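Going by the order they are written in, the chains are A, B, C and D; count residues from 1 in each one.
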Amino acid sequence: MSNTFGQLLRVTTFGESHGAGLGVVIDGCPSGHPFPHARVNAQLARRRPGQGRLSSPRREPDGYEVLSGLEPGTGLTLGTPIALLVRNEDARGRAYAELERVYRPSHADYTYDARYGLRAVSGGGRASARETVARVAAGALAEDLLAVAHGVEIVAWVDDVAGIAATVDGERVTREEVDATPVRCPDASVSEAMIEAIDAARRDGDTVGGVVRCVARGVPAGWGAPVFGKLTASLAGALMSLPASRGFEVGEGFAARRMRGSEHNDPFTIDPVDGRIRTVTNRSGGIQGGISNGETIRLAVAFKPVATIFKPQQTVTRDGAQVTYQAKGRHDPCVLPRAVPMVEAMVALVLCDQMLHARLARVDGSL
Amino acid sequence: MSNTFGQLLRVTTFGESHGAGLGVVIDGCPSGHPFPHARVNAQLARRRPGQGRLSSPRREPDGYEVLSGLEPGTGLTLGTPIALLVRNEDARGRAYAELERVYRPSHADYTYDARYGLRAVSGGGRASARETVARVAAGALAEDLLAVAHGVEIVAWVDDVAGIAATVDGERVTREEVDATPVRCPDASVSEAMIEAIDAARRDGDTVGGVVRCVARGVPAGWGAPVFGKLTASLAGALMSLPASRGFEVGEGFAARRMRGSEHNDPFTIDPVDGRIRTVTNRSGGIQGGISNGETIRLAVAFKPVATIFKPQQTVTRDGAQVTYQAKGRHDPCVLPRAVPMVEAMVALVLCDQMLHARLARVDGSL
Amino acid sequence: MSNTFGQLLRVTTFGESHGAGLGVVIDGCPSGHPFPHARVNAQLARRRPGQGRLSSPRREPDGYEVLSGLEPGTGLTLGTPIALLVRNEDARGRAYAELERVYRPSHADYTYDARYGLRAVSGGGRASARETVARVAAGALAEDLLAVAHGVEIVAWVDDVAGIAATVDGERVTREEVDATPVRCPDASVSEAMIEAIDAARRDGDTVGGVVRCVARGVPAGWGAPVFGKLTASLAGALMSLPASRGFEVGEGFAARRMRGSEHNDPFTIDPVDGRIRTVTNRSGGIQGGISNGETIRLAVAFKPVATIFKPQQTVTRDGAQVTYQAKGRHDPCVLPRAVPMVEAMVALVLCDQMLHARLARVDGSL
Amino acid sequence: MSNTFGQLLRVTTFGESHGAGLGVVIDGCPSGHPFPHARVNAQLARRRPGQGRLSSPRREPDGYEVLSGLEPGTGLTLGTPIALLVRNEDARGRAYAELERVYRPSHADYTYDARYGLRAVSGGGRASARETVARVAAGALAEDLLAVAHGVEIVAWVDDVAGIAATVDGERVTREEVDATPVRCPDASVSEAMIEAIDAARRDGDTVGGVVRCVARGVPAGWGAPVFGKLTASLAGALMSLPASRGFEVGEGFAARRMRGSEHNDPFTIDPVDGRIRTVTNRSGGIQGGISNGETIRLAVAFKPVATIFKPQQTVTRDGAQVTYQAKGRHDPCVLPRAVPMVEAMVALVLCDQMLHARLARVDGSL
């Protein structure tokens, strides 16, 4: 079921980079919810290429057509599948003719051919990051459901570019602060250096990687399921499905390897104001035993540098010839800024699915 | 479906730490395979507690009973569900009575209660790492299927304890080398320091974390499915379902954030011996576009320090009283050595599932 | 996922007729429900062989062991998987040695061999009706959840044996009335004739088929999902998974082919007592557009005559020899009476799954 | 997953009768198969309304757009999701305004409202039989895969209208013979009487039901999985998801209740020509123990008379008023002729899914 994500809110995406378009079918959305066009458009706008010198110049308005699932007039969800279609407008199939023979290093060309015996050559086909437009649209609906039902807020930001690391207070950061710079890093002390690193790479015909960090605030205790449905597992599986992702962590993540239990454990306490059980620290990143504990969920995703560079590279052809390849076309020197809404979308899809699961956890359905 | 893992090879585990036992139902195993008792026993032995001063003194023989799925006499798989049961022998329900009221910091006590309104108090119930005995048994069958069909070899080792990092050649390391020291680190230059770090933590009533690294050698090109079924995603979801896991990476992982595309890309070449397409380097960790490229798959999992420490800790009770808690009982000061077969098991389950998927990828079923 | 039934209440069964035992893992049962031992035992007793001259003389006490999922002491469901194991006691592997070579007509011997290349020869292995012991146990839990939450009552009865048809008022019939005769037909005017038909077939070394009819009373309007999750579809899939089932119908079923729309349609009316929307007639069998309308759900399942007869039959061996086969062993001359609790179990599993689905249908979760 | 059908060939449909259109996403289709446009168009044409006086005068060209999944130029399947969209052209939302208040008897109006609190009023929304256009398109692809791989032929026909029953030789009947009359009954001795029965009903403002029978020839032995994945179960679930279906049977079906085992059993024999194991008779309808035995699969589906009649009917409004309702609009007096390709589509989807499953049944993947 490799093109479907989720169990109760099920998102099936389809489409190739340079075909008719990209789309998504969202099944399991409860009925009676006003479809959040503004939120969907806002997140699509943040994901869109052509946002300035940090991203690909490809021009896609990324307007979506609602094919099904909404009540005419009211725009309320019907409970039946919601299908959205984003047409490809600026597809330039011709520009990629060389790629029919040549395997681009560290792209999916060779592996798709190895699996399927053929592939949609233009623009990377299904392996293109353009596929994420469908997820971002679905994720915006999911975060709206979360916001309305529980006031959940999901905010991601670029936390590291080329090793330049930011310091951001996840308890307070807003999307407005994130969007204040084109690199989507809300730490003003490093954002300019990040931009410069990206520009420098572009000037060199090269690319850079980095880390996106994300928080989900307001998630109640009790979401996530034991064993294979742990929040750690479902978030990891979701985020590591993003193109170019190479690492994932929650809470202290890899840094936990240097901590002792007495440093890492989060003491429990009672909130003096509302009497709620809280933790004094949040090393756990809001997840204990795979289930949310009511604290802010904290996670990070590492992205590799973009594979398309404008330097000559050694590679091979489908027929086994060794050749030198030099990329042409439109490509981001760094995916990080546009990955921010993608990370938010995947986190929203996981949490919305778990919100629905949690409603079924007890005989009294009290969550 | 939180207790079921996999799509084509489906593994459903059940059981609580101090109940009747732990078990697993494996559905989708092809018929006609000799059940690999030796391999299952070997991996269970490596996971077993009581292996020495580095692990919990709980004594469990962990013999398993085959309840179904094998042909009497031959031991061949029937194609019907294989159910295995491991009885709990050394369960001491009484020893944990205090835990009915007190929430242990950074354990799953509070979150299970938040979700379910009750929980199996003794020994952590379903949240106990004892649950992994079922997965390790199933994983051993999976790796046997992989070994017979494609000669796949999966080897994991302790790569970091408390920040002490090893250097290991993933192309060559063997399980024998891994098991040569009780800490399961094949780098002799650091294994003693790791053991000392664990001993020091235990003497302090404390615990340490670390990193397990794993390779899968011999995976053919073409395994893994686009989008949500990427190897990166399915491996991440699998590994981050292990107790105490906090981070996951493939290939260069988080280090990729400091690399440029020209450093990270893996040039393709033709193997002069067999004419096969290979990469000169393996920064991608054997996965490109979510699909295997025929190179060694490389991944790592970060584990937090064990939550059970023997120092007084601030916490709360179910009734909202603030109390001090001091752990008793049998616990590992470091999960890393026993996590090695768990990591191998989850990698095997993912790869075996993908091996079956790959058989269906083309009309000619050639993979 | 051929051994797992259901999406939200997921039932995985395992075991062969003459192996260690039969079992079931129930995942997704909400926490906090008192496990209904009395109900499970009652339904297992009704399914049990050896209930008199109408069923197989095989003796199985069919006591079950709870392997996991219940809180010690209280017996409340934990929300984690509930595993039940029923040991095989009276397995006589030796009695079936001839069957290693001979394919019994209209059994699963040949088709299992065709699919798997081998099979559990003794007692039919996984194809034996003994497999249903696991479903009946799970179904009893499901009907308890339905009864507690909504007062749903499920009653099945033998409605036809060998063409002798009963007349039963589905709005009122009780299990006590059903169990008043060994043939489980509550219509006293035909039950003796049915028993005689079964006895006559046994005397001839032959077998008979028939129809089990079932009602579910008290199902609220709004259960069942559009398109592939229709109640008609999910009930049909569930019931036609029972051994020897050959037909299924809801409401008027096949008789609807002779009716005009003006005869078949159910006029709506307002209940003068409670103001609820009702139908005047119930041709629809409580299901319209695949979703329950609050009326009694009515369905029927046709069962073929048992394949094991004690007359010589023409058949072939694995090696392609034409031989004459004469059955030995313990077999029911008619499955109908024992099929009654099996039908109830499958109906309960479908409805319980749909009850959980219905909780998620609207943003306000009001169902 | 109520809008997704299948496990390995997964078909997700979307769309409402009077929205933008109907669509389907087909995931899991192996790569390298030429997309069978001719077959898809042919089956859509057979399902189309407006085929003459026996069906609704709604005019829909039902051309489909391929949104994804095919290689440009060659039209070969890419292995990625194939999305097809059929636009609604002749949607007349206005014509149905009265239906916002009135619940039509034996339609899905009331039950959708009960479940979702709202519904797509026009044309029945998702409950309309127009939804099946998406399945018929997907089913045509499935039957093409079956035909190419195994020469499987699926032929359905109208076997009964209003109690007028046909006699048809399922081993030989062709689609050409079926389509020779507008009622799609290949038995010339009754087809005129069927047509007259439909015409008579229409003249009376009434409707009639009937039975569609279907065969699948050429299915190899070994398809179908034990227990819940039996062919009987998966076919029943598939066919009973069709609008207006009320009953399902395989082989002798309900008639088996009158047969003794000695009459119903199918003796095995060896085919003198090819040495293959065959059955002398085919009472089992090609399925034994839920698995195909290589004989022709035989099944039937009963359909109720269309709910929309043009006589005054007693009903209620959303607000609880008792009113008289008289239908207007465009409706079939009998769904049977158009149900023929729908039945074929669902049978094809089940068999194609099982064909893929069968490839995984054994370690040597020989099926």
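Of note:
We take it that a contact is a pair of C-beta atoms (placed from the backbone, for glycine too) under 8 Å apart; a residue touches a chain by one contact, two chains touch by 3 or more.
Everything numeric in this text was worked out from a predicted model, so none of it was measured.
A count of C-beta contacts for the chain pairs A-D and A-C puts A-D on top. Put simply, the chain farthest from subunit B by mean CA position is D. Centroid to centroid, with C-alpha atoms defining each point, subunit A and subunit C lie 45 Å apart. Centroids of subunit A and subunit B (each the mean of its C-alpha atoms) stand 26 Å apart. Averaged C-alpha coordinates give centres for subunit A and subunit D that are 39 Å from one another. Within subunit C, the positions touching two or more other chains are listed as 1-4, 13, 28, 31-32, 79-80, 115-117, 126, 226, 361-362, 364.
Residues 8, 28, 30-33, 77, 79-80, 145, 148-149, 226, 356, 359-365 of subunit B are the ones that touch subunit D when the two sit in their complex. Contacts from subunit A toward subunit B in the complex involve residues 1-5, 7, 13, 103, 105-108, 110-112, 114-117, 126-127, 131, 160-163, 201, 204, 206-211, 220-230, 232-241, 243, 245-254, 256-270, 275, 277, 279-280, 283-284, 288-294, 302-309, 311, 313-316, 320, 322, 357-358, 361-362, 364, 366-367. Within the complex formed with subunit B, the residues of subunit C that make contact are 1-4, 10, 12-16, 19-23, 25, 27-28, 31-32, 65-69, 71-72, 74, 76, 78-83, 85, 93, 115-120, 122, 125-126.
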